[in-house]
Every structure is written in C-alpha cells, then in structure tokens.
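Chain lettering (A, B and C) follows the sequence in which the chains are written, and residue indices restart at 1 in each chain.
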C-alpha cells in the first residue's frame, strides 16, 4: 500500500487488509503450481499427491529415484542434447543478427525506423500457432521438414525480437558522443564498436541472448510441427509424456526446468541491476 | 491417491543405444539423414511397443545389425501422407490398423510386398496359405489380432459391475465418466451394438440410410461424460486414476495393467471389436532393403508368436497359434487372454476393414465436427 | 542530401538489413506462403486436366457428353494404375461427401481397353456419374484458385446455383469455435486484469526491498516453462489430484463426488489465466512504477476520498499499462495451443487446436491455412484498434 503516515481510518485499514489478502491469494495462485511439483518429484512412491510419509517428513518417503530414471533414460538425454544444440545455435544466430540490427535502429539517421522496427518485432507478436503453421508449409515445401536446420532457423527468428529490444534499450542510454569522440580521434567503425560500444552494451546483449535461449528452450509448437524423432527436445518429450502418461519422471524434469528458470532469471536480474538490458517483462 | 502405472518401467534403457545413434546423427550431419544402418519403426507406444521391442525389434537388431529407432503414433494415415506428399520420408516401417493399411496401400503410401517373399511355415506351407483369410494386405507383413474392449476399475463398482456393452452407455445404472478413443472407428460399432444391433448386422446397419445417424444418436447420450483418449497407454492410466469409471481400451494394455501392474481392472468381452494389423513400409523410404528384411523377420512364425509372451495379442498365422505359451514374467497361460480365444467371442464383432476403407474419411470428418459441437 | 548524412543512413540501414532479410525469408515468406495455400489448390486440376477441359462448356445441369465420360474414365484409370487416385478423390470428397469411395470404385472397376461407350462403362462402374452433383464436385475441386476454404472456415457454402449460403446449423463449427475463442480470451483478459491490477499496485507502491521480492514471485512463473506450468495444473486439478484431495480431506466434497476440474473448459481457463497473468502484471507495474504517489496524496489532501482519488487521478494514469497488458494477454490467448490441447478435453478446445487438427490429422492444409489467415486478420484488427485508441508507441512492456 501507499505509505501514508497520516491517520488511517477504519475504512482504510479494512481496504488495506482486504487488498493484502487478495494479493496474497493471487501470489499463491501464481506460485503454487510450481511449489507443488517440486516436492512431489522427490516422492518415493509413484504417486502424484502427498503421501502420509511425506507430510510427516519421513525421510524414507522421499527419494531421488525419478531423477535417477531420467538421467539414465536415453530418450531424455537425447532430448536435452537436442534442446541445447538447437537452443545454442538459434541463440547465436539471433544474437548476431539482433545486435547488428539494434545498432542500426538506434542510429539517429535510421530511415523508416517505425516500419523496420515493426517488421523485426513481428515474430514476437504473432500468435505462435500461425507462425508455426506458416513455417510448416514453408520448410516442408523446401524439403527441410523434420531437420535441425528448420528448427534452428525457426527458433532464431522467434528469438530475435528479444535481442533487438534488449540491446536497443541499452543503447538508448548510450552516450553517442563517446563514439563520435573516438571516431574523431581516428578510430574506424569496427574499433569503435569493439572497444567502446560492445563493452557498454554487453549486459544488454547477454540478457537478450538469455531471453532468446529461454524462448528456444521452452518452445514446443514449432517442434511439434517441424520436428521428428531426431529433433525431440525436452519440452517435446514432456508434451508426449503429459499427453499419454504423466509419470513422476515428468515431475523430476519439471523441477529441473524450474531450477533452470530460476538460474536464467537470476542472471537477467543481475545484468539488469548492472544497468544493462531492459527491465523484466518485455515478452 | 494416484498411482502411476509402471508400464514404462524397464523402458528406461529402451532407447539408450538408439538415442546414442540419434545424437550422433544430430551432431554429425544436420542436413543429411542418418545412415542406412538404422531403421525407424513406428509403433503404438506404452506396453505394446515395449512388447514388440522385446519380441521383435531387439532380436531383429541383434540378427541384422540394423539399429531400430522406435517412434510412436496413434493411428491414422495423416503423418504418413504428409511425409509421402512432401517427399520427406522419415518413417521406414509403420505398425498399422488394417483399414488404414488397406487405404494407404490403395493410395500408394506404402511399398508393395510380395507375399511369396515372406517366410513359409515350419512345415513348409507357403505364407500365402498360412496367414488367416483376409489378414494380409498387398503392402503388409507380420500381423497380430487385437481387440477393443471396455474395461472398468473394480473399485469404481463395489455393487453390481457392468457386464454388457449396453452398460457402457447406461449412465443411470452405471454412473461415472467414460473413456473413449477420439476416433469414429469402433465407437460407431459399439454404439450400435449397445443400441441392440446384433454384431452380424452392424455394418449392414451402418451402410443403411439411418445407421450412422443412429450410432451418433447413441453416442450423444453419453457425450458429455466422455473423456477422449488418443494413445493406447491412456485408458489404463485413466482407470487407475479413476479419472473415468470405465473406458474402451486395447485388451492387451488392460491385460498388462492387470498382470504386471496388479491393477484391479476387469475386461468386459461382450461387444468387443476384434481387429488385426500389419507392418508396412512407407513408400519412398531410403532404407527399403532393411525395411523389407524387417517385414520378413516379423512375418516369421516364431517371431509373430513371440509378441504373445509379453502382451495378449495373438498371431495371424495358423502355424503360429500352437506357439502361444505363457507370459514371460508371471508365467500365466496366455491363451484365455487372447482376444480371439473362443470364450471371449460370445458377442464379438469382427471389424470390417472394407467398410472403413470406403468410409473412414467421411466418418472421421463427421466425427470431428460432432466432437467440436 | 549531405553526403555524411546519406552515408550514415546507408550504414544504419545496412546494419538492419541482415536481420530484416532473415525475418522476411524465415517469417514473412512462410506467412505469405500460408496465404497462397489458403486460396491455391492445384492438385485436382493437375490430375484431371482432360476431364475438366471437357467440362468447360457443360451446362451444369444435364448429363455431360461422351468426351467428358471418356476423359474421366481414362484419367481415373490412369490415376488408379499409379496409385494416385486416393489423394485426388480425398480432395473431391471435401466438396461432396461420399465422392471418395465412388471415385476409387470407378477407377478400380474400369478394365483395360477402350469400351464402345465410355458413358455406359463409367455409369456401370458407378451410377453416381449419372448425377450432376458428381460432375459439379469435380468442377469445383478443379478450380486452381478458390475461396472455398474461407467459405468453409466461416461455415458458408455455395448452393447448386453458386450463391453463398450458410451451411445447416448442425454442421457449423468454425464460427462458434472462433466466437468461443474470442470469448474465452476476453474472459481471461478480464480475469487477469482484475487479479493483476491490485498486485501490480502493491508491488509498485511497496518499499524497494519488498517490491523486488514480490516482483520475483511474478517473474519466477514468467520464466518457468509453459509445459511445466501446464503439467502442474494437471497434477493439481485431476480427479485424484491435490485440490480434490484437499477438498475431500476437509469434507467439502465426498470421496465419490470428486469434481471434474480438468480436461474441460474450467481447466483451460484456470491454467491459461495463471500462465498469462505475469503478462498483465508486468506492464501494469512498469506504468504504475512511474506514477508518483504524490498525485494520490494531493488528491487526498484536497479532500477526495480514496475512491474518488483512484477513479479520477490514478486509474487514468495507468491506462497505457492496462491497455498494453490487456492487448498482450488477449493476443497470446487467442493463439494458445499447448495448454488447451493438454488440459482442455473436448469442451476446452480453441480455434488453434482446430488449425492443428487440420494441419496434422485431416491434412486439409488449405482449410488450416484459411483459419490461420482469419486468426491473423483478427490479430491485425486488434493491433489497429489498439493503435487508434492508445497508440502503439505508448505501449510499454518494460519499465
């Protein structure tokens, strides 16, 4: 609530109390699903609810068996390898293209800025089912259906807007006089970029890259349409599991993914505090 | 409380070797397909795929040195058609329901298979005479009888349990949600049998003027209570979770849940729809030779019967019938659990693939429109 | 134009060019191809050229002449011979239900050689060719460029005279589904706004240390995989799930009366609301964070009640955040596929699930493309309206 040191009426107190309670309920709604999955993934029994042993904190009721199963399962390892391969390749491509474009977009002499920005951002604001359908027609007519290449290109284009936004936001606060000063001292554009601009925008670049990687790592619709057995990613493997048979192993993978999300979030927040990158929530 | 069925237990290492190969492919050649020393076989997932793996895929891999990559699907020709039409064939061998096989063979989706190339019976009888009447397609090899039955969780019916196909559609006597396959196949037939049509008149009725409408009207009576499943692994899971009170299911999956996972399930054989399927080779596969070798391997009498040691599906060759023995783990006699065992054929319907070959497209379209309303 | 300026413009444009080209090739081109696919379907025209040519001067009512029968007979026979008839017949079947099996039967029944009368031979193979509707179906399926997928996607059809009519009520599925999708998206947007506004307000007005912590509670789900969250909701809501267990444990629900909370519209609504809520809270927070608390204090010191101050002073200032959050949630919701597919059951499906169905199961790609284009048009209209009312420039997604 707003800090209001002046005397609070009963009505204010009631309203404040109700507001807090309502917010607490919403926070529970936001967080509860993930909180439930984490302990259940350590369940020694193949159950999806809390056993009595778990509730009484009996150590025997907890086990790492589902994690062991996942680690030993070739399918999951294959999926993880695919996710990393596709994610890293797509991120590299998206970052390289996105940084260049952001440099151009923030230049004061950029022609047709609004139009070009709209074009570059469009993959982010188009419903994914439409993008995936179009890509399916496109890549299968090129004979690239069910290849890693089509998925890397698809994920890269879905990730580029995040890089562009992230780097543009950093560049917006960048003092152009520095670049001009360097140029007037005889530095070429490449030197200016590498020695002056890049170090300054590095946090934005990294956080954009993290966003792009997160997009690819979580993406499943294009994988469903464009990928085959050899392109199974972790979310794709989860999709099959959830559709056909929810096993406790899925919860173990889910817990791993929650941890991974926390890691990415921590990295992006840290970069943001260092003054780079956009704030949270540019999706 | 929710118990996860262990049908995937033991699958942990299922694709270990296969996945290694997949990884290699992924890292070595992104664009190029994998070498011809691997074969992608598409089966139905869960305990059935596991049974086929033990009985056929692993032994084939051991004998031929060809690696078998296992993929799963839930029937239909769509994914195959998409691959053949776009000229990018990634599946080599597919395990098909016979109606789909016949239809796909007509359309050129599968390679033709010369039945005289398939191995003869141990006594020398040629394959042509050893297969049961009508169970061989011009594009097929191997083959199994399976059945769609309905089953229930004993715990859902402490009183009088359902015993006839009509009970599945009787929400008043037997309340609770129902599980059904998200497809027109089988559901239309069961609806008509539940509506009082004798099995031998089901297809005549469906071909008649009001037959299909009548079947849909019967389905309408339980539509709001139905949970639709796609994969054969789902019904046992839904029954175990008591997400549904009863469900249509493949008999073998229920058998495995009963014997291996010790689930309190009961199969109602009344009104079962008996069907069979075969393996086929997707037209245009780059691995034609290995695929043909696999079809021959899977058509061998002993390999056909071997599946019956892991799941309650029975071979489609006469000479293989004598080889049906006991369950590999529990040691129980498999014969009475087979869908075509005489005691299970009381009121049974043999699925008519010809009818479905002609009407599948129309019925699926109508079914999906009905579902969407 | 001054030279340095021009070269600066060129350099800026050159920097954006690689990405622009990449987006055009890998994103815009696929969408354009989808548009083409929704109106272009040459397969039947390519497969039956002689039959269609013979039908060009047909009056549409009487029986076509011998040349048409000869062309049809020979072409069906040839197609059957190279096993290409099924694919063609399937397309004709989409125009006139039942034609698939009729065409296959005709192709199979026609023997080799040239009969004396093709007309008699074809009619003997299948009497359907004595009816004008069969030939009309061929003719319509043979149009290379067609709007019929759009008609179908809008639950319309052409009658025998070619006039556009609505199809019979029991066959209309796409328009109701599209309306359902819009309605559900609207409901989710409204719920997200109601739930998200107070939370964003709380975070924006809390002391910095606490606001950062609270913000994390929003960001953690935001960063967590969509599939993880969807899975969680299944675990929570299913028959033997956590929520039902709790309800039974506290005696609100009997053991045999467990509620159906998932695999229906309720499941879709709950899961999608939770998944999309951060997309509402974050833009709202970004806007609220920049509103000085002095404004409300000033209103209050001028004698306004909290409600008056809120309605007159605070709410109007948050409008850009409300608009941005709502637009974002709404657009994400109408294109959602994964969550409804997993938790929606039969009644919780949205238009995107139908697009996926036609892409992957019925293989009616033309119809899938037409539905996709219609959905895209809806999104474009939304953006245009938003731009008119609020201005895209004012949309703030980040603080």
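Note that in this section a residue touches a chain if its C-beta (ideal position, glycine included) is under 8 Å from a C-beta of that chain, and two chains touch if they have at least 3 such contacts.
Predicted model, so just to flag it, every value in this text is computed and none were measured.
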item: Middle chain, criterion being Cα centroid separation; value: C
item: Most distant chain from chain A by Cα centroid; value: B
item: B-C or A-C, whichever has more C-beta pairs in contact; value: A-C
item: Geometric centre distance via CA averages, chain B-chain A, whole Å; value: 39
item: Approximate Å spacing (C-alpha centroids) for the pair chain B, chain C; value: 32
item: Distance from chain C to chain A - Cα centre to Cα centre, in angstrom; value: 23
item: Two or more partner chains touched - positions in chain A; value: 48-49, 141, 243, 246
item: Residue numbers of chain C (touch at least two other chains); value: 238, 240-241, 245, 360
item: Sequence positions of chain B contacting 2 or more other chains; value: 1-2, 82
item: Chain C contact footprint on chain A (complex, rising order); value: 1-4, 11-12, 15, 19-20, 22-23, 26-27, 29-34, 36-37, 40, 48-50, 97-98, 100-101, 103-105, 107-111, 116, 119-120, 122-123, 125-131, 133-139, 141, 153-154, 156-157, 160, 164-165, 169, 189, 214, 217-218, 220-221, 224-225, 235, 238-239, 242-243, 246, 250-251, 254, 257-258, 261-262, 264-265, 269, 278-283
item: Contact set on chain B toward chain C in their complex; value: 1-2, 76, 78-79, 81-82, 85, 103, 106-108, 177, 226-228, 241-243, 358-359, 361-362, 364-365, 368-369, 371-373
item: Complex contacts: residues of chain B adjacent to chain A; value: 1-8, 11-20, 22-23, 25-27, 30-31, 34, 40, 45-46, 69, 71-72, 82-83, 86-88, 90, 230-231, 233-234, 237
item: Contacting residues of chain A [partner chain B, same complex]; value: 46-49, 51, 69, 72-75, 77-78, 81-82, 85, 140-141, 143, 145-149, 228-231, 240, 243-248
item: In the complex with chain A, residue positions of chain C that touch it; value: 5, 8-9, 11-20, 22-24, 26-31, 33-34, 37, 195-196, 198-199, 201-202, 205, 207, 214-236, 238, 240-242, 245, 274, 277-279, 282-283, 285-286, 293, 296-297, 300, 306, 328, 331-332, 334-338, 341-342, 352, 355-356, 359-360, 365, 368-369, 372, 375-376, 379, 383, 397-399
